[in-house]
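Chains here go by letter, A, B, C and D, matching the order in which they are written, and residues are numbered from 1 within each.
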Amino acid sequence: MSVTLPRTPGNIGPHSRGVFIISVTPFTESGEIDWPSVDSLVEFYLAKGVHGVTILGMMGEAQKLSDSEQAAFAKHFIARVAGRVPVIVGVSNPGTDNLVALSNVATDAGAAGVMIAPMAGLKTEVQIRDYFATVFKRLGPDIPVCFQDYPMGTSVNISVPAFLQLVDEHPSLAMFKHEDWPGLRKLQQVRRACDGSARRRISILCGNGGLYLPQELHRGADGAMTGFAFPEMLVEVCETFFAGRPDAAEDMFDCYLPLVRHEQQIGVGLAIRKEILRRRGAIACAAARTPGPRLDRDDLEELDRLLRRLERRLAGVARSSSGVAA
Amino acid sequence: MSVTLPRTPGNIGPHSRGVFIISVTPFTESGEIDWPSVDSLVEFYLAKGVHGVTILGMMGEAQKLSDSEQAAFAKHFIARVAGRVPVIVGVSNPGTDNLVALSNVATDAGAAGVMIAPMAGLKTEVQIRDYFATVFKRLGPDIPVCFQDYPMGTSVNISVPAFLQLVDEHPSLAMFKHEDWPGLRKLQQVRRACDGSARRRISILCGNGGLYLPQELHRGADGAMTGFAFPEMLVEVCETFFAGRPDAAEDMFDCYLPLVRHEQQIGVGLAIRKEILRRRGAIACAAARTPGPRLDRDDLEELDRLLRRLERRLAGVARSSSGVAA
Amino acid sequence: MSVTLPRTPGNIGPHSRGVFIISVTPFTESGEIDWPSVDSLVEFYLAKGVHGVTILGMMGEAQKLSDSEQAAFAKHFIARVAGRVPVIVGVSNPGTDNLVALSNVATDAGAAGVMIAPMAGLKTEVQIRDYFATVFKRLGPDIPVCFQDYPMGTSVNISVPAFLQLVDEHPSLAMFKHEDWPGLRKLQQVRRACDGSARRRISILCGNGGLYLPQELHRGADGAMTGFAFPEMLVEVCETFFAGRPDAAEDMFDCYLPLVRHEQQIGVGLAIRKEILRRRGAIACAAARTPGPRLDRDDLEELDRLLRRLERRLAGVARSSSGVAA
Amino acid sequence: MSVTLPRTPGNIGPHSRGVFIISVTPFTESGEIDWPSVDSLVEFYLAKGVHGVTILGMMGEAQKLSDSEQAAFAKHFIARVAGRVPVIVGVSNPGTDNLVALSNVATDAGAAGVMIAPMAGLKTEVQIRDYFATVFKRLGPDIPVCFQDYPMGTSVNISVPAFLQLVDEHPSLAMFKHEDWPGLRKLQQVRRACDGSARRRISILCGNGGLYLPQELHRGADGAMTGFAFPEMLVEVCETFFAGRPDAAEDMFDCYLPLVRHEQQIGVGLAIRKEILRRRGAIACAAARTPGPRLDRDDLEELDRLLRRLERRLAGVARSSSGVAA
């Protein structure tokens, strides 16, 4: 038994919870955006119960799209979701004008917020602070922002006090995407500092492929923001956890952990994720845009083996009424 | 049922296999080398069935020891092992003279080989090649070398062709410690190129905390070289796999995967590993030398929970004669 | 007395020589492209005698322009130059489609070639080779390419043998922009290997702000590709050198060296360069687009002082018929 | 006319000024420490008028010495200086115990202070603060510390507020070695914040090969801490500047700037520096320890040319009673 977390169509805010799936961007074999697959992908994610979607993230290959493709993708995706869940749009860009332009497109199309990582090249916390001062000023007060803390991708590191200063200075900073690694202690420090009492509450969702999701929930995370190809597991883990059954949640998680770990290989992991989504019927073609990873025969056999093992394990769990850890 | 891989006291070579555990270095609370714990740790590792030991690696905090401590530790450790299994000594150093000096100390004390990572700061494959040309020349032909490929720690990347060139040029390069991440394809390419037919065979052992060990074995690895605090799992996985029962091996692995993943957090992972070794009686004190990570109360509770879950899961497996995946 | 190097309107090729100035992108104070300043800037550069121009490089703030701005800027700039000198267009992009699209726009508009740096994130020479194999295939055989070797900006390092392999595999690779630092030996190795006899000749122009230009010319460079705000110095140095008067060339260079060095400060150097161009009437406004450096009062006073010193020194040189080094 | 800055034998402190030359470590061709050259080098530096010496820095190849060599070198060097000028000892080390041990050796031998860079791997300002809290506690209150801010070497960046916090927390932090690049504004901010009125004064000496020394003096630096092979130029520039003749100081600097820039090539610059010192009789052999750069024939010819040009220029200056800028 699990709770059903709300799937509210409004803006992201202090009480956003659950699973915001990081959407892939489907391409045809020749590298064009595959619009029918965008539609089927939206329906796939919603059918799996996600509480929100984040598009145009790093795993959405946003940096390989043209500006007009980004805008068109955001509009199409949001229109297809049609308010059933909130949609966050990744807008990180080396140019602030470009960032703002896409943010406005997204907001006009109905996005629930935008996600911004500190620009690569920022070296000190003063520089991070100055950067976001400009960005928030340009965005204005009405666009909710999710701060993406992903040093492995950006090479920008921020300490907890420096992040809290951003929270204090920018009321529209509404969400913290935690994916510093390792970062369990950092997540917990942010949670305690932004708990609605010591300081206004912000929502904390976790990335890093979900590799530490049960630990992150124990530490105070509100859910996951990652793109694992079995979103229903992320959803069930979160809902079971918030229903007060953490061990059952973690049992479910552990069943999938071999695959979570397999997908969490920087680079090739995207190809694995897309291949699974293809096999599950979510998208028609697994290709990543150039330059992007491709699976070879060995990779595919390895994936076959892992998926067979997952099936077997889930079957075993189903047979046992009391679960694997019972 | 599993095979018992040989535990040969001789030098490392093309047919080295199994688990070479990466040893921690035990310290007292005040930061001195804890010699009695060195002895108990050796006995712990050997009792768990490891096929070799690697000391003074990065997770052995080698860079925080003085030269004389490194030498003393190597001599003491090797003497205690007393030829029961081969011992590899990590000797990476920014100065070639220092590297050679420790290699000679280790060899004189009975080491089975030395482990060398390309020095931080090498930028191109020509530079890597030149660096190792000098190092191998200085070491002479009689010291077997394990090449540690760990870009996350060294920031040095080497392609497969460039590595193969090293193999061709240096007959004493005997072992490849694979811990590029992600790197399953790379491992397999090295395996196929150094299979004893296309080219002389070299041994391939895998690091990265063991996070992908079953996949690595399928790809042709000869075993693991990592420091997971439950060495008996690594041993059983390898021996079961080489006995022709890969699924049983992976079932065993998957039981421990939540903890493998937990220990594989750069930085704090060392503190977790040492704390588990302390709880298991292998060492008296979990302290890492300064600067080093410390677990706080939250970290310890989290570890408690994960260890309880492991126990429960292993008990479940034991109850079932046919294993979890049956 | 100096030689006048040819200012040919055709494509870049093995015999391109002289100064290809790296153009800034002029903005208004509010951050729009300042089109009248684009025109005046073109005339400024041509009046100073440059042998070519490179636009949309890193110092052209290309990454802060939208796709449509990049295309519009390239078309406008090339049209204004109107064939008086060749124009190279920087097209580096994380997405190959985007790179190819801009290359086609540029070529259709009359560009003499495109400049491409290896994408950030490439880690080994095999990866670099694979990346360019795809890029060259997508570009086709008719677009001449300048390879930008700028590890400080890209974090990608390439050895001489790996670069030569690219030269051998891709006949349209026509030019090497050398700005590895330090890299005098590398430049010379490429020069000797691509001298028209050992291997087909390629043109080598040097970046790095021109900081080592006289040494680079001695080592076999064909000229400079950098954006120093006094292009006439770069032109005179190159033409004097190729007229067989290397010491006179270096005397002239040394007069400007304090300012060359001052402009060669990563980040703030762009603001210094634009401010000098503004003072010289080349552009109307010195602003860099956000996020970009701004000079404060101290910076401006420091620049005043350096410019006064330059004037005084040039006056001293003019008074002396035999030059400073006589 | 210039002032003679004090050459005080006491500890470094708020009023340390002038040139603390970064000493090389002389080796024989076979890589042993060349003790007679240590003596001649000390006399060379002192004869050139330096106000202090810093040994065992990065350009002193400290990381290639064994612990016992470092200790022996420090003792020998300090004994030879014999109190004529203060000697700072670089003690940066990945292990705090090693750092403290060398600090104690140095202090016992009569060092005027120790120099410490934040350890590579520190990622946030909280981590930097914690690191130095431990280090200062271990060193005790009596060892004056020079903080080396060299991000290009350490990959650790610190903002001005974070540095000022260190100043406030650690009274024995006595000196700031500025070599962030570019960093003129940072230097000035530290100067203004630590001016003896807003906050206690600390001494600021500049590295980076001296490439911006005149600008740094204008911004408030107290002198240079770098290893340029013509220390007499650094001394004259500082003393002339502090005598109130900044333009004459900068004229002298500009004469040497081509060589300053040439020596400021990371890697090969050390070989150039040692070769010049050898030619000037300061040391017997120019070899760097392995792995280290070597000059080839082209490098040597290039250096010949630059040294001839320097001689000619100095001769021209000498002929003119009023100096080049008159």
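Please note the rule applied: a residue touches a chain if its C-beta (ideal position, glycine included) is under 8 Å from a C-beta of that chain, and two chains touch if they have at least 3 such contacts.
Values in this document were obtained by computation on a predicted structure and should not be read as measured data.
**Q** Averaging each chain's C-alpha atoms to get its centre, pick out the one most distant from subunit C.
**A** B
**Q** Please tell me whether A-D or C-D has the greater number of C-beta pairs in contact.
**A** C-D
**Q** Shared numbers divided by all numbers used: is that above or below half for subunit B and subunit C, i.e. same or different?
**A** Interface between subunit B and subunit C is built from largely the same residues.
**Q** What is the distance in Å between the mean C-alpha positions of subunit A and subunit C?
**A** Going by mean C-alpha positions, subunit A sits 40 Å from subunit C.
**Q** Compute the distance, rounded to whole Å, between the mean C-alpha positions of subunit A and subunit D.
**A** Subunit A and subunit D have C-alpha centres separated by 48 Å.
**Q** Between subunit C and subunit D, what distance separates the C-alpha centroids? Give it in angstrom.
**A** The mean C-alpha positions of subunit C and subunit D differ by 34 Å.
**Q** Tell me, which residues of subunit D touch at least two other chains?
**A** Within subunit D, no residue contacts more than one other chain.
**Q** Can you list the subunit B residues touching subunit D in their complex?
**A** Residues in contact with subunit D: 31, 61, 63-68, 94-98, 101, 119, 131, 134, 138, 289-291.
**Q** For the complex, give me every residue of subunit C touching subunit D.
**A** 181-182, 184-185, 188, 211-212, 215, 218-219, 247, 250, 254, 257-258, 261-262, 265-269, 296, 298-299, 302, 305, 309, 312-313, 316, 324-326
**Q** Can you list the subunit A residues touching subunit D in their complex?
**A** Listed in rising order, the residues of subunit A that touch subunit D are 123-127, 151, 157-162.
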